[in-house]
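One structure, as structure tokens, below. Some questions next.
A, B, C and D are the chain letters, set down in written order, and residue numbers restart from 1 in every chain.
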Amino acid sequence: MSRKRTAKNTSQSHWQEVTHEVIFEADTPAGKWFDVLLIISIVLSVLAVMLDSVSSIHAKYSSFLYAVEWFFTILFTIEYIFRLLSVGRPLLYAVSFFGIVDLLAILPTYLSLLIPGSRYLIVIRVLRVLRIFRVLKLVKYVHEAKYIKQALQASLRKITVFLFAVMTLVIIMGSLMYLIEGEVNGFTSIPKSIYWAIVTLTTVGYGDISPKTGLGQALAALIMILGYSIIAVPTGIVTVEFSRVQELKISTRVCPECSAEDHDSDATFCKYCGSKL
Amino acid sequence: MSRKRTAKNTSQSHWQEVTHEVIFEADTPAGKWFDVLLIISIVLSVLAVMLDSVSSIHAKYSSFLYAVEWFFTILFTIEYIFRLLSVGRPLLYAVSFFGIVDLLAILPTYLSLLIPGSRYLIVIRVLRVLRIFRVLKLVKYVHEAKYIKQALQASLRKITVFLFAVMTLVIIMGSLMYLIEGEVNGFTSIPKSIYWAIVTLTTVGYGDISPKTGLGQALAALIMILGYSIIAVPTGIVTVEFSRVQELKISTRVCPECSAEDHDSDATFCKYCGSKL
Amino acid sequence: MSRKRTAKNTSQSHWQEVTHEVIFEADTPAGKWFDVLLIISIVLSVLAVMLDSVSSIHAKYSSFLYAVEWFFTILFTIEYIFRLLSVGRPLLYAVSFFGIVDLLAILPTYLSLLIPGSRYLIVIRVLRVLRIFRVLKLVKYVHEAKYIKQALQASLRKITVFLFAVMTLVIIMGSLMYLIEGEVNGFTSIPKSIYWAIVTLTTVGYGDISPKTGLGQALAALIMILGYSIIAVPTGIVTVEFSRVQELKISTRVCPECSAEDHDSDATFCKYCGSKL
Amino acid sequence: MSRKRTAKNTSQSHWQEVTHEVIFEADTPAGKWFDVLLIISIVLSVLAVMLDSVSSIHAKYSSFLYAVEWFFTILFTIEYIFRLLSVGRPLLYAVSFFGIVDLLAILPTYLSLLIPGSRYLIVIRVLRVLRIFRVLKLVKYVHEAKYIKQALQASLRKITVFLFAVMTLVIIMGSLMYLIEGEVNGFTSIPKSIYWAIVTLTTVGYGDISPKTGLGQALAALIMILGYSIIAVPTGIVTVEFSRVQELKISTRVCPECSAEDHDSDATFCKYCGSKL
């Protein structure tokens, strides 16, 4: 899928074009290698964040994980700068979804120098895991993702109506249980009773709150059987949509100007900013 | 979707017609704005009821929530009176499902002046959440709702047979567990054992009662695998019905006389009371 | 659906025929009334057995429930005798599935005179609930039941293979968890660990046994995701079968000789014993 | 389905051929009897391993179960030797999946003489249960297994994408809950919080860790409803694949040289090693 760009495209110098090809695309060998390295880096850096939160590991390997964190932060910073430079319209990229995710992947570590020890900053770094999605195209799984996405979009409105009915049900059922069981049996307020109704209807069933009276258990049994039966509704909706949706042919190309995706395989210009692909 | 009503329709004066258009319909801008305001009022008033049940919030904001409650009650009372006045046949509306829900939304607050502090009155007010369903048509989700409703109605009898078989199963399984585990392990009576069987078959699994003996755990494992497998039955039934049902074109019009809904888009007269739409 | 029986059918006298029509069939008004009364009797007698097992109710109403039990036992005994008399081949009925269930519905109460207080006898009486299935035909739900039955039979072999794979999985996973978690964390033996694996895979999740070590929790997470995903298999199998199966036209007639069911609506002779229907 | 092998197949003597027919195939009466005996032996030996892990049974029947273990080990050893001898290329068989499983079924017992009392060796013996799969063909359920396998393979990539999205979701949700609930409420580390998110999303719901704060319970309710809804995705995918897959005609033949399976019913030569079937 080699593409020639004409000299007319004056907003991009040659090295920008090459860098864009490597960083944003997955069609060339260099682009593929870059993506593989990126996935490994992301997984390792997220793993480091996770392990650092385990107190026994933190006690032993705290300084090593600190070094790992800075290593990947600097790596991702370099990558972020190159992304900004190689894209034709850096601002458009910077405010795009992945642009913000890329920034959030590096910012917390720098901020931790100013505000030391903030738990919030630590957790934001976990969002790096979202960056894997941009590399997903590498492994040719993009067709399957589009297929699922399309079926879900087609059934979104129907599932919204279903969830709306479920919400009404759990509000009424939860309030009823608050009345029947009362505060002595753990149903201390209507919101907590609604929480219990959701736990029961979705068949999760923690057991942290459970009905004690006979009437409460009878109503709970009703909610369970209801939840067990109506799960058929979203399943039926999505299954029908899946059987309708046709698998699509989608290119993995990314616009060199605005880094937008989703271009058809026969597209010559970006459908969002009009620049040549 | 503007409609002209002829002067023949003598049972309604002009202001009644306009009020009906605004309150009951969603086709005009005024009608849409009314629906949006109504949804916000319903959500806020239900939220107030919920929050008031949380003891820590009740301790602090009790008097504020009391004021909020009376504000919405008076608002809904005015709305209820206008609904009664604008409808051609007020009695038919008053005894309809939504007529009763509208009354239940305001009655408890007035009754609480006579019978102070009753928990039952507080909870009835949560039923206001049902009023949202009448506004559902606003957001054009009515087609999806009809689609789900139709598929569920078509599969109702089959699911009834399925639930009947499930009930027989849990009665027999529950009784068996009562025999095997006995009162020392928490299976204190047959109804409680049936409750446990439902909790297990629907894969909720609170864990408030769980088998202790080897034989009981083996039977429990059997019930779990059964419940895990037979969930395929309602799902299969509903999925097949969903694939059969065609999406329908349904008007959002409401009869000005009896406030009945579900009129076909080409209907000129109400199919329930015969008055002109 | 009135049927004339010719005088040739000499094995049955006229009153036998009439009694058979009333007790076994649901086509005549008398037959329908009999079925309605039977359902009410069954439900009430099963309810009495259930309530008697609740110690607080037993303490208060023990003698009343004892009288109720004997009332229904005598009623069902009379019914059983009439069934035996009105059927052409009583022995064939007596050893049939429903013949045995009918006997089990009355035997325990008589036996309790000889062996007082046996819990086992009490529970056998719950099996009366199975008798409702013979009356199911009354309410015209028999088509739906056949429909579900046929789809399940068609998918039986595939689901057996699926359950076999699931059993292998839980045996290996359970043994692994026994190794990882060990007796200190509640996984006291391999059978108990397999029980836990079933509780987890079927997403029941009691929480009476749950992994404590990191490795155990990782494996448990794997089993959960597996169980969450493979539930698609029985669902998919049954859904496909449901879409294949056509709804059938089935008569509710019962053979006057051997009380067999499942006769096609155009059948003139019993397909099991050859006697005229 | 009798097959004649020509004299050209010189790599096998007559007794090898007969032994191969009995041990590896299920077409002859002798082969069927061998398979039935093998299944019984496997089930009994796995049961013995399981029961031995129950401390109360171990205390009483330890020496009996030890004898049983050695009986089956010697039996399986003889079988293993005959398999090696009757196969044309023993090495190919020895390193195949079932070759390794067959070896693992006997090795632990011999090793336990050198390293007494190792729990790891005990559990490896449970893997014998996998040997049942090779006998599965006996009962003609092989078509159903292929059918399920094919549908799962066709949906593998889509389900991988789905599980990948689920993993990202639980990582982010788990980290959020770690932030919200914190260590005092049982969410001691990010990995543990992710474990909780999986327990909740898959609707298992042990209840060993459960949110205590209002915000945490609200987020938990969101995860539950999400998990309850998105189970529709794998179900929809697999159902669509099931409806596509046609049931296949597959032979139960096994290559006499390399013991490979999956040969088409019209195949004359092994598709893996080229030897005559």
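One rule holds for everything that comes next: a residue touches a chain if its C-beta (ideal position, glycine included) is under 8 Å from a C-beta of that chain, and two chains touch if they have at least 3 such contacts.
If you want to know which protein each chain is, UniProt gives these names: A, B, C, D = Ion transporter.
Since we're looking at a predicted model, the values are computed, not measured.
By number of C-beta pairs in contact, B-C leads when A-C and B-C are compared. Matching A-B against the pairs in A-D, A-C or B-D identifies A-D as its interface repeat (over half of contact pairs the same by residue number). Between chain A (Ion transporter) and chain C (Ion transporter) the centroid-to-centroid distance comes to 46 Å (mean Cα coordinates, whole Å). Remark: chain B (Ion transporter) and chain C (Ion transporter) have CA centroids separated by 33 Å (rounded to whole angstrom). Residue positions of chain C (Ion transporter) touching 2 or more other chains, listed in rising order: 191-192, 194, 203-207, 227, 231, 235, 237, 239, 243.
Interface residues of chain D (Ion transporter), counted against chain A (Ion transporter) in their complex, comprise 157-158, 160-162, 164, 168, 171-172, 175-176, 178-179, 188-192, 194, 200, 203-207, 210, 214, 217-218, 220-221, 224-225, 227-229, 231-233, 235-237, 239-240, 243. If you check the complex, the residues on chain D (Ion transporter) that touch chain B (Ion transporter) are 203-207, 235, 239. Touching chain A (Ion transporter) in their complex are the following residues of chain B (Ion transporter): 46, 49-51, 53-55, 119-120, 123, 126-127, 129-130, 132-133, 136, 141, 144-145, 147-148, 151-152, 159, 163, 166, 191-192, 194-195, 198-199, 201-208, 227, 231, 234-235, 237-239, 241-243.
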